[in-house]
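Shared between the two complexes below is chain A, which has chain B as its partner in the first and chain C in the second.
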Partner chain A sequence: MANRYLFACVVAVITAGTVLYMIGQMELNLAKSEILSGYTLLGLIVFLGAFNLRKKLSMLPLLKASTWLVFHVVGGLLCIFLFWVHTASVWPEGNYEIALSIIFYLVFFTGIGGFFIQKSNAIKLTETGIEVIYERIPAELSEIRERSEAIALECTETTSSDTVANHYIATLVWYFKRPRFYWPTLLGRGNAKTWLRNNQASVRRYLNEEETGYFNQLVELAELKQLIDEHYTLQDINKKWLLVHLPLSVGLLIISFWHLLLVEVFAI
Partner chain B sequence: MISRDDKFDASVSPYERPNFPFKCGRAAAWGKPCFYGPNVDGSCGGVTECQPHNKDGRWLCRRPAAAGGQCADGPLPDGTCCSKKSACQPRSTLRRVRGRLAIIVAVLVLAMIAGFSFSSNEGNILLSSVDAGPLSNVHAKFTANTGCGSCHDAFDKGADGWVDAALHGNGPSEKCSDCHTFNGQANTAHNMKEPKSGTHSLTNTNCTMCHTEHKGEMANITSMNDTQCMACHEKKFDSFAVNHTEFSKSYPFKRRTAIAFNHTSHFNKYFVNPKYTDKVPPNSCIGCHDYTKSTNNVPIKGFEETCSKCHTDTIVDRPMVLFTFPELELNAAENREKIKPHSLFGEDRDEVMERLEELTTALSDEGNESGASLKAALAELATIPKLGVRAGKKSALQALAQHLRNQLTALSESAITDDHKEALAKLTGPAAIIAKEAVEAISDLNEDRFGELSEQLGALAELVEEASDAIGDDLGDNVFEGLLNNIALMTTQLEALEEDEEYEPVSSETLSPIMAGLLGVDDDDIEQYKKPVFDMVDHLKNEGISALSELISKNGGSPNQMLQGLSNELISAAATSWSSNLEYEAIAEPSTSGWYADEFSIKYRPTTHRDSVMKAWLDFASNNDNEYLQEALLSRKEGAGACTKCHAISQITPAKKKPGISAHAKTVIEWAPFQHPERPLVKYEHKPHINLLGPGSSCTTCHKINDKADFEAAYKQTDPNHFASNFQGIEKSTCAECHNEKQVRQNCLLCHAYHQGSGIKVSAISKMMKER
Partner chain C sequence: MAKISTKQSTLTRPQRWDSPFDPDMTKADVKKLLAIEEIAAIQADRFPARISLEGILQNDTRIVAFKKGELVVREGDYGNSAFLILKGSLRIVLSPSLPGAILGRAKEYKRGFFNAVSQLWTSNWLPETRDSDRYGPTKAGAPKNAASTRIILQDVPAILDKHSTATVDQGALFGELAALGRIPRTATVLADEDSELLEIRWQGLRELRAYDEGWRRMIDERYRQTALIAHLNEVPEFNHLNEEEIQLVADQCLFETYGSFDWHTSFKKLQNRSEADEPVIARQGDYPDGLLMVRAGFARETVRHGTGKRTVTYLGAGDNFGIFELYNAWVNPKDSNLALGTTLTSVGYVDVIRVPASVLAEFVFPNMDAPVNMAEQYVGKSQSNDTLMQWAVDERFINGRQTMVMDLNKCVRCDDCVSACAAAHDGNPRFRRHGKTIDHWLVANACMHCADPVCMIGCPTGAIHRSLSGGTVIINDDTCIGCGTCANSCPYQNISLVQISDAKGNGLVDDQTHRPIMKATKCDLCSDQIGGPACVRACAHDALQRVDFQEFTI
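== the complex of A and B ==
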């Protein structure tokens, strides 16, 4: 992956250098260098957008998606550079150009943000020690819920004590019902573990040995569920940033073509 | 399941389809998802756990192993699954939500573009999807009311216009010329009208190459860097101080100055002469140059503040001689009616002759002895000298007439009474003397012409003497008869003289060069100019100033300006005198300036510097090829008004209005002190340099007098480009002392302008003012 990034960066630098050189030559000849930078930028934006198309056309041998991602990321960085070259400023003046810039910057920063989210979350997901498919999380939670319920019932039946069952009903049912502690997990805080630890500590002293055996099974499931919750949170955010990035990208493409139309009609 | 090693095995876990648009409704509510998940159409796919298979007439359960395998109860008899659940409400997957969001954003963007694009025709709408940004302040004011259409033709031409513009190009450069003007072509490099020498074609440009709008109200849309200059220019250099081309030897002068002011002679000769000490302008250079108004040049303060102390007299001492009545020989019969040729009695000739005839008749009358008719005739005769007899012979004729009157009086009275005879005797002596004097006087006038008359009068004198000797008894018929004969002879002689008398010009002048030029004649050829001059004098006498106006107009002049202040009365009076072959005697002394006439001339004396009449005459002469006019008016040494002593006369080739059409050189008098058309792409501001270095004394830092230059020679010819400046050329190193990399900026546009004579059309400004 590192080699691919290096390669993509080299390609980007060469592209940027070539464009800059050509722009310089055009300016020397008093030609409209904005045409070159603009069309290059538009082509790059279309290329970046094609990444989404590539994912839809997975049957075609169009390189690996991860390779596309590398070029998508580096291309995005090149894009912002060309944008500044093209506009000769960080912030343009015209109304629709401002709108275009707002969308452009939103797309860029959501892209950058998404990239870093995915990169950092991947590490965190690995650190959980488990693997779970995002779409299967409800099923996993359901299974954990069923097993925990079965353990609580068995404990009651076997030990004739309802301590574990009461504890289960009072606290763990809520916990097992759905993923919990979304935002603390997202923010990297250990609320979930603390909650589990506290609840475990509060009930464990009332349990006899046999009940403790069952309770330990419940705790084990709860801890597994906490890991799944962490997976859910991280994978969820891995997917949901695209809810911003991709629709804005579509908007950027549209307004870019509008800009192209205006330029072709009025300025060239 | 998650803890199983084979959790991804197909027999253990279902196949997840994240690309599907729907997900299980139960899973979405964190319940247990069904094995199959929702259908593609969004309906629940988990109502049954399997779809039984009919094999050999028997329904078999097909629940997959991952979902628990075949159920114990098996399918119902009708082939349906025995395990049915209520349908869930599948939910959209993130992918589908994302797709919908993308559509919403796209629609929103399109709606915003559409909503704000076609309602901004006025150009001053705050939100517009076609607004590429605020115009610079200057352009914003001009286009405030007309909006985008001011520059963009396609703006209000609808979809067709947009398509056409997109396909064929519709840059705004074409519209720039609606307001902007240049001294040259708008769409060529540096507004050149024709290729520079050594090149084959003009470089086409357009305004938007350098001037890009919509960069904000305060945007600098005229910036240009040195590298851009170097892109086109063949002679490339790193910086001004390092390897910019050296200035020309005479820089910054490419031509002589319009005013022939010799700095060398004035500074080294006149200003140091004690004789002129009180007239020397103070403070050296800034005594004459007004540094407070300095721009590209440092203007001269003006004639009155600088040159007038010494040079005003020179102007008024050189009057312009418009017309001189020349010496003419009048033999041509056709001119007799125009100028009376030396008539004895002028216009009263006929009357004189008539009275002489009456006198003869009276003396012949038999009743004359009574003396009555004779007295009457003598009384008539006495009036003769009072008539319009020409000057020169007036006194002689007066003497003659008096003599005759005296003689006749004596004779007539003596013929009547003795007393009268006695009285006549007393008068005889002096009468004889007078008669002789009269004869001598007439004879002195012209021996040849008046010889016969002298003889007759001599005879008359003898008769008078005889009469005086024979006074008494013999006075009678013979004397009277002789007297009558002689009077008759004299009359005849006068008539003959009137007919044959030769014209004697009163003027000894020559025709003025200006009139020779206007009439198109040679001022040395009397035969050539005699008739035109006679005609002119006649016209002047009868028509006055209009005769001159017509002549000037015919020569391409402007009579209203050139004859301003000249009166009809002056012209007519002078011409009347000259037509009678008389000197013109002015009623009063001529004024010190303006038009006046003396004995034989009409002249104009300039009032002072900037005399409009003199300027008109000199401009007329400069536009006229006639050498007489040019010599009389444009000569540095003798020209009227001495204007060309200082104002250079130059052959100027006007700028070509159209490429390929040659322009003819034109002789002009350089009235304005500065001429700067030669370096339209060079700019220089004196003011900051003067402010920095100090006024007056610092001028010589750059402008060093060149003592050896032959400055005056340049003004003896008309080519302004052939000159020797009073000053040494400014060297590049002088500028580079400050303008270098370490001190003052040295970019191209600091000293060079890209455009030639850029300006704004008056119509554009008027339009904007009206719209306001």
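== the complex of A and C ==
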């Protein structure tokens, strides 16, 4: 992978150098260099968009998707450089140009952000020590909820004490109902673990040995659920960033072609 | 999103012999076969009514005529049948092997470019749909398998001049090693004259072996004999010997089997056992009496460590055990430290050839350099280096040749691999991104295309088979009767049974019992796709790879 990044970087530098040289030559001849930088930029944007098409054509030997990703990332970086060359500024003037720039920057930053979020979340997910398929999470949570309810009921029936059941109804029902602590998990904070620890300590002192046995089973399920919640949050963001990046990219393509159309029409 | 229909359509449940080996086999052919000496000796009353001898002959065999010079089997091909010579004689090419160019290997079906692209719009979005018209008993005169392309060698005398060959005559059985052992053919066989052969597909051969004592003895004996000579010819230590010397060596070798040939029945139980329960082949500290050569299956090498045993490596087909100690004993007979440095145990089933030390001293040691002490190298490694290998042996992943391994530190759980698999299989993914994990590695529930595919053992119709070249394990959907034997036999839960539907998504049910019609499905390594496995190419993060566990390192 590192070799491919190196190769893509070399290709990008050569492309950038060639474009800069040709722009210099065109300006010396008093030609419109924006045409060259603009068409190069558009071509690159279309190439970046083709990565999604490649995913749909997985049955064809169109190089490995990992190779496409390398060129997609490096191509994205080259794109921002060419954008600055094309507009001759970081923030252009004119309402249409500003709208185009906003979408361009949003696509760029969601792309770069998503890339690093995915890389980092992959390791965080592995560190949970469990593997859950995202689509299976509701079913897994439902199973945990059923098991925890059964434990609370059995505890009440066998010990004739409702301490665990009351705690379950008052506190754990909320916890087991659906994925919790989404944003703290996303921000890397340990709120879920702290919440579990505190709620355990608050009730444990009132339990006898038999109830403690049942309570420990509940705690075990709660800890498992916390790991599944972590999977839910991290996998959810891994999928959702693309739901931002992709529509924005389509928008950028449309608005770029409109920009091209306007330029070509007014050039006549 | 496509709606899944809750309606049902009926279909006659597929039966074992719906697709006979040769739909043109007649009762008269069967009668003729029953008169042949080798078949007449079979006690037909030992066969159960549902798998009668006549039924086997009618449905699991075919009579094939070969012209002089025509190839019968090719070395390296995966075969699912054995042959009994009814008339004529054949020639087996022993060494050197015939070049691939003149063997004219049959090409396997691959989609063309446009056919591959057309999957985008021709794939049915409803799950597991099939064209139900193509099921049902095959009629006589139906087109036969196009893969069995016939090749006639033009210059047979030249081949006989350049290659060492052996002749087999009427009444001889051959090909059973590849058919039952699920291994490639070990030699090329061609017709020496116009000949007639009875080809028996492997499930028929299995029944003959199971219900007739004479055939069982003959097949087992031939299996041992053929396996030994073929193996000795392949081993570098012996390949300088001539035919006569090889026979001398073979006569003195001991052929040992640990575990059962049909080991799938006990495999799942064996999975939960530790190395302490595995049968010992050679023990650390004992003096070696011969070189142990693994012919098939797997063996585990361990050393005593603390209060337990540490797995240092495992041996597969072609690996040897004990050569260092034996060589040392030959060079320094008075050395006091000649005992084995490790223990060798059987993992499931293993075929071992024991070559006595005296044979090595006469034929091997004078011509070889001093071997490396592998045991010393293995023990010198840190225990953490052994983790993956120890785990792979315990979980029997060592059997995998195309195991789907994912690096979870790279996998972003995007499921692009699953989508790609579905796109290449009419909208139905053929693996689950789920499985056993160790450290940051996940072995997904995808067919591993095993060295020894135990899933093939019980299949009544032979629907699950190895492809002729490459050895990919694939299921013929047309002949699968959905009995689930393969899914139960697979120790890795990599085969799924699915209910099939017609093109409108109506679930197909049996017209008599109204129970669903099932089919076994699994990864076929995208064998008909031009780009190979779609899952590997679809992974944008290089997290997914198909690996041979024997070569896989962290």
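Here is the rule we use: the second predicted complex is superposed on the first by the 267 of 268 C-alpha atoms of A that agree within 3 Å, B and C clash if a C-alpha of one lies under 4 Å from a C-alpha of the other, contacts with A are read in each partner's own complex, and residues count from 1 in each chain.
Just so it is clear, a contact is a pair of C-beta atoms (placed from the backbone, for glycine too) under 8 Å apart; a residue touches a chain by one contact, two chains touch by 3 or more.
Fair warning: this is a prediction, and the values are worked out from it, not measured in the lab.
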Touching partner for A:L69 - first (chain B), second (chain C), both, neither: second
First (chain B), second (chain C), both or neither touched by A:K239: both
Chain B versus chain C as contact partner of A:I133, first or second or both or neither: both
Contacts of A:E264 with chain B and chain C, given as first, second, both or neither: first
Touching partner for A:L28 - first (chain B), second (chain C), both, neither: first
Which superposed partner A:W84 touches (first chain B, second chain C, both, neither): neither
Touched partner set for A:L57, first chain B, second chain C, both or neither: second
Larger contact residue set on chain A - chain B or chain C: B
Partner chain in contact with A:F116 - chain B first, chain C second, else both or neither: neither
Residues on chain A lying within both footprints (that of chain B and that of chain C): 133-134, 239
Footprint of chain A on chain C - complex, ascending: 113, 116-117, 119-120, 408-416, 419-420, 423-424, 432-434, 437, 440, 442, 526, 529-532, 534, 536-543
Residue numbers on chain B that touch chain A, as the complex places them: 1-3, 13-14, 16-18, 23-24, 26-28, 30-33, 94, 97-98, 101-106, 108-110, 112-113, 116, 126-134, 148, 152, 154-155, 162, 165-166, 169-172, 205, 208-210, 214-216, 219, 227-228, 230-232
Contact footprint of chain B on chain A as seen in their complex: 27-32, 92-97, 99, 103, 130, 132-136, 138-143, 146, 177-179, 224, 228, 239-240, 242-243, 246-251, 254-255, 258, 261-262, 264-268
Residue numbers on chain A that touch chain C, as the complex places them: 1, 55-66, 68-69, 118-119, 121-123, 125-126, 131, 133-134, 235, 238-239
